[in-house]
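Labels A, B, C, D, E, F, G, H, I and J are assigned to the chains in the order they are written; within every chain, residues are numbered from 1.
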Amino acid sequence: MLFCVEMTVKIPLDSDPVKMDEIKRAEKERAIDLQKAGKWPHLWRVTGKYSNISIFDVESNNELHDLLMSLPLFPYMDIKVTALSQHPSSIH
Amino acid sequence: MLFCVEMTVKIPLDSDPVKMDEIKRAEKERAIDLQKAGKWPHLWRVTGKYSNISIFDVESNNELHDLLMSLPLFPYMDIKVTALSQHPSSIH
Amino acid sequence: MLFCVEMTVKIPLDSDPVKMDEIKRAEKERAIDLQKAGKWPHLWRVTGKYSNISIFDVESNNELHDLLMSLPLFPYMDIKVTALSQHPSSIH
Amino acid sequence: MLFCVEMTVKIPLDSDPVKMDEIKRAEKERAIDLQKAGKWPHLWRVTGKYSNISIFDVESNNELHDLLMSLPLFPYMDIKVTALSQHPSSIH
Amino acid sequence: MLFCVEMTVKIPLDSDPVKMDEIKRAEKERAIDLQKAGKWPHLWRVTGKYSNISIFDVESNNELHDLLMSLPLFPYMDIKVTALSQHPSSIH
Amino acid sequence: MLFCVEMTVKIPLDSDPVKMDEIKRAEKERAIDLQKAGKWPHLWRVTGKYSNISIFDVESNNELHDLLMSLPLFPYMDIKVTALSQHPSSIH
Amino acid sequence: MLFCVEMTVKIPLDSDPVKMDEIKRAEKERAIDLQKAGKWPHLWRVTGKYSNISIFDVESNNELHDLLMSLPLFPYMDIKVTALSQHPSSIH
Amino acid sequence: MLFCVEMTVKIPLDSDPVKMDEIKRAEKERAIDLQKAGKWPHLWRVTGKYSNISIFDVESNNELHDLLMSLPLFPYMDIKVTALSQHPSSIH
Amino acid sequence: MLFCVEMTVKIPLDSDPVKMDEIKRAEKERAIDLQKAGKWPHLWRVTGKYSNISIFDVESNNELHDLLMSLPLFPYMDIKVTALSQHPSSIH
Amino acid sequence: MLFCVEMTVKIPLDSDPVKMDEIKRAEKERAIDLQKAGKWPHLWRVTGKYSNISIFDVESNNELHDLLMSLPLFPYMDIKVTALSQHPSSIH
């Protein structure tokens, strides 16, 4: 089941850079794991912004919520979730 | 080069149903052609709305504009275009 | 799996009242069927508006989309879909 | 009498984690009490956000206000209150 | 129990003036009845707009909804309902 | 002359509680004085928010501005002012 | 007493041009009268829009409302009214 | 003196196509004249929309307003005007 | 050449009052100078807000920008600039 | 390939002025380099705001993103990116 998730990262300018680098490292690691697990089939950077547009493939809303909550950058993100369905004109 | 394109279709309620069915048929045909040509790699229906979230893969802004203008439903659509870039954490 | 769906009905003032009454009748019938089928566990009227806040219980996004598209009043509605998950403090 | 209440929690990133954990613990306790008392019949997590959509069942606006003010997380929340009425198509 | 209700009237410019005058006459009559019945204690015109800010005093959300639906101009109005509670600094 | 004034109070979470309690005490005192003077005939709490909807009765815009500026909580408030006029259907 | 009034004119594209020219003629005449009477001290066109930003000088909200309602183009306008007060740094 | 002008064209779907083609032809002619006269140095199409982002070079606000009002498509356009100034980092 | 400029002042609550008083003093002095120079013909306080609606009379966009940047409170202000033109119904 | 990029700079009021001057110096230097390289053909200041409207000429979305990320002020900016295409009425 697919969801489009838009994540905008807002890191306070006075954050501790060392701490943030560690969180970003963990975020990247987590993102790669989820992509390899097939849960996060698409991850694109929005040109010009510290945001991404992603597609998640999950079994349920609960699973999606738990995955997003598990992202180290979750507390720093505005997240918009849009449920997706099969489009009648899609060849996939 | 990827773009995320959100299309919301607004067909006037007093439209001629026969004419609209013809336009929708042509729209589906055009969408299938563009998907087969690799220009429109992803086309998802937004759950609960007459809208879609799509990913286009084109050579330039001009090509994207021409493709979107060529859609029979173009005059009936609100379109939002978001340029996408490679995400540093994407495994693709 | 639960979704919160907000539906605002906008019927053009110059609509044919006979036709609209028929559509509203069919809408009520459809809503009652879906409630009895357990798909539409909650349906509340927003005080002062021709809108409702509903909770749908479905197996997937696709099912939700098909249910909403099957509503006779669908073409007359602005619909907002919010995916819901289990709340850690809920006793249900 | 039913109200739909949407609560979005915004905890400053530089908050004292120990203090916040205590407030969250008290919040959960209070939420469970109110649910058991029948005042808070529904509490759902919005997928992907630190927000909930809730249904409150109270005797008056005043009672609703006092209940919401009594939530330990009240100072950290954006709250939207929507009055609900009986829907003519509801089977409940 | 008090509610603040903001009503903005939008009458299509091509409406039949005779019909609209009749509806406005019925609206005024209904408004006066409800004021005399104590249900509509305050009715103010928003300066410069075909809108009003009103205070309703009702027993329940359902009663408020029925009253608003009973207004002849209801189909022509955008309505915003805000539940009100006792203010701790009010001397009334 | 009447104005509807909506005041939303936003007190920084890291404010000095002692200082704020003093300001709130002074605010309440000032509000009571103005109500007794007939300048502030209505003061209602917006259910679920640290906001109020008020009606002021003043001689001029200048007087209203001075009254609002004199409120101890003024620096902590978002204020929306709406000029009101006599409604042709009002029985008052 | 001063008010800033922003008026945006929206004339339906399928309006009768003869009728509209007559209304615009009457509007201009009315605007000139009110300016000469000192009620409408400033009337500026917003560059690039069928809108104006005006300053009205009136005795009360009621007078302002009646003046605006008396404008032949009133039914075709979105109007925003902002009450103005004496600025402490103004030399006038 | 430069202005950034964003124009979004909204042509009613039930417009007479012959009449609109004539207006569009005249619009193109007018746009070319103004570009050649140096008044309209930049005219770009917004990808995916019937909109443009333009730069006008004029002597005054009045001149800009008259130029925009002279565009045959003016009645069909939403226009946003942004005054531009010399940027301290611009090499032009 | 006229511009309508709306300035909303937002001074952080934890600012140094002595420093701010000095900046406000300098702001008032600068405003008076510009009014006397004829550059700032109108300066009105928005009732109930720490905002003003002003009219500037300048030779160019650049001049307006430099004047606004020269205001001591510039860093604390949200500013909206609207270009104004001669209104065909204005008697001035 | 052209993009319109609107950048609004928001520097916290309590920033270290020395550090910010250094970042602004580096920003100006970077901007001049990119203009000379033909990547940033137009850079205009929005009158009255710490914002600019720019036109970038790049080979791809990725290149645009990398250029914008390379701006020293990037962390302090709200950025809006609009893809541009050839306008059929443009003489360029």
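Methods note: a contact is a pair of C-beta atoms (placed from the backbone, for glycine too) under 8 Å apart; a residue touches a chain by one contact, two chains touch by 3 or more.
Remember, it's a predicted structure, so these values are computed and weren't measured experimentally.
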Option reproducing the contacts of B-C, where over half of them reappear, out of B-J, H-J or D-F: D-F
Look at both sides of the chain H and chain J contact and report whether the same residue positions are involved, with over half shared, or different ones. same
In whole angstrom, how far does the Cα centroid of chain C sit from the Cα centroid of chain H? 43
Approximate Å spacing (C-alpha centroids) for the pair chain F, chain I: 27
I need the residues of chain B touching at least two other chains; which ones are they? 2-3, 45, 47-48, 61-62, 64-65, 81, 83-86
Listing every touching pair of chains gives A-B, A-C, A-D, A-J, B-C, B-H, B-J, C-D, C-E, D-E, D-F, E-F, E-G, F-G, F-I, G-H, G-I, H-I, H-J, I-J
Where on chain H does chain B make contact in their complex? 13-14, 45, 47-49
Of all residues in chain H, which touch chain J in the complex? 2, 4, 27-28, 31-32, 35-36, 42-48, 52-53, 55, 82-92
Chain G residues touching chain F in their complex are 1-3, 60-62, 64-66, 81, 83-86
Listed in rising order, the residues of chain B that touch chain H in the complex are 3, 5, 12, 15, 61-62, 64-65, 68, 75-76, 79-81
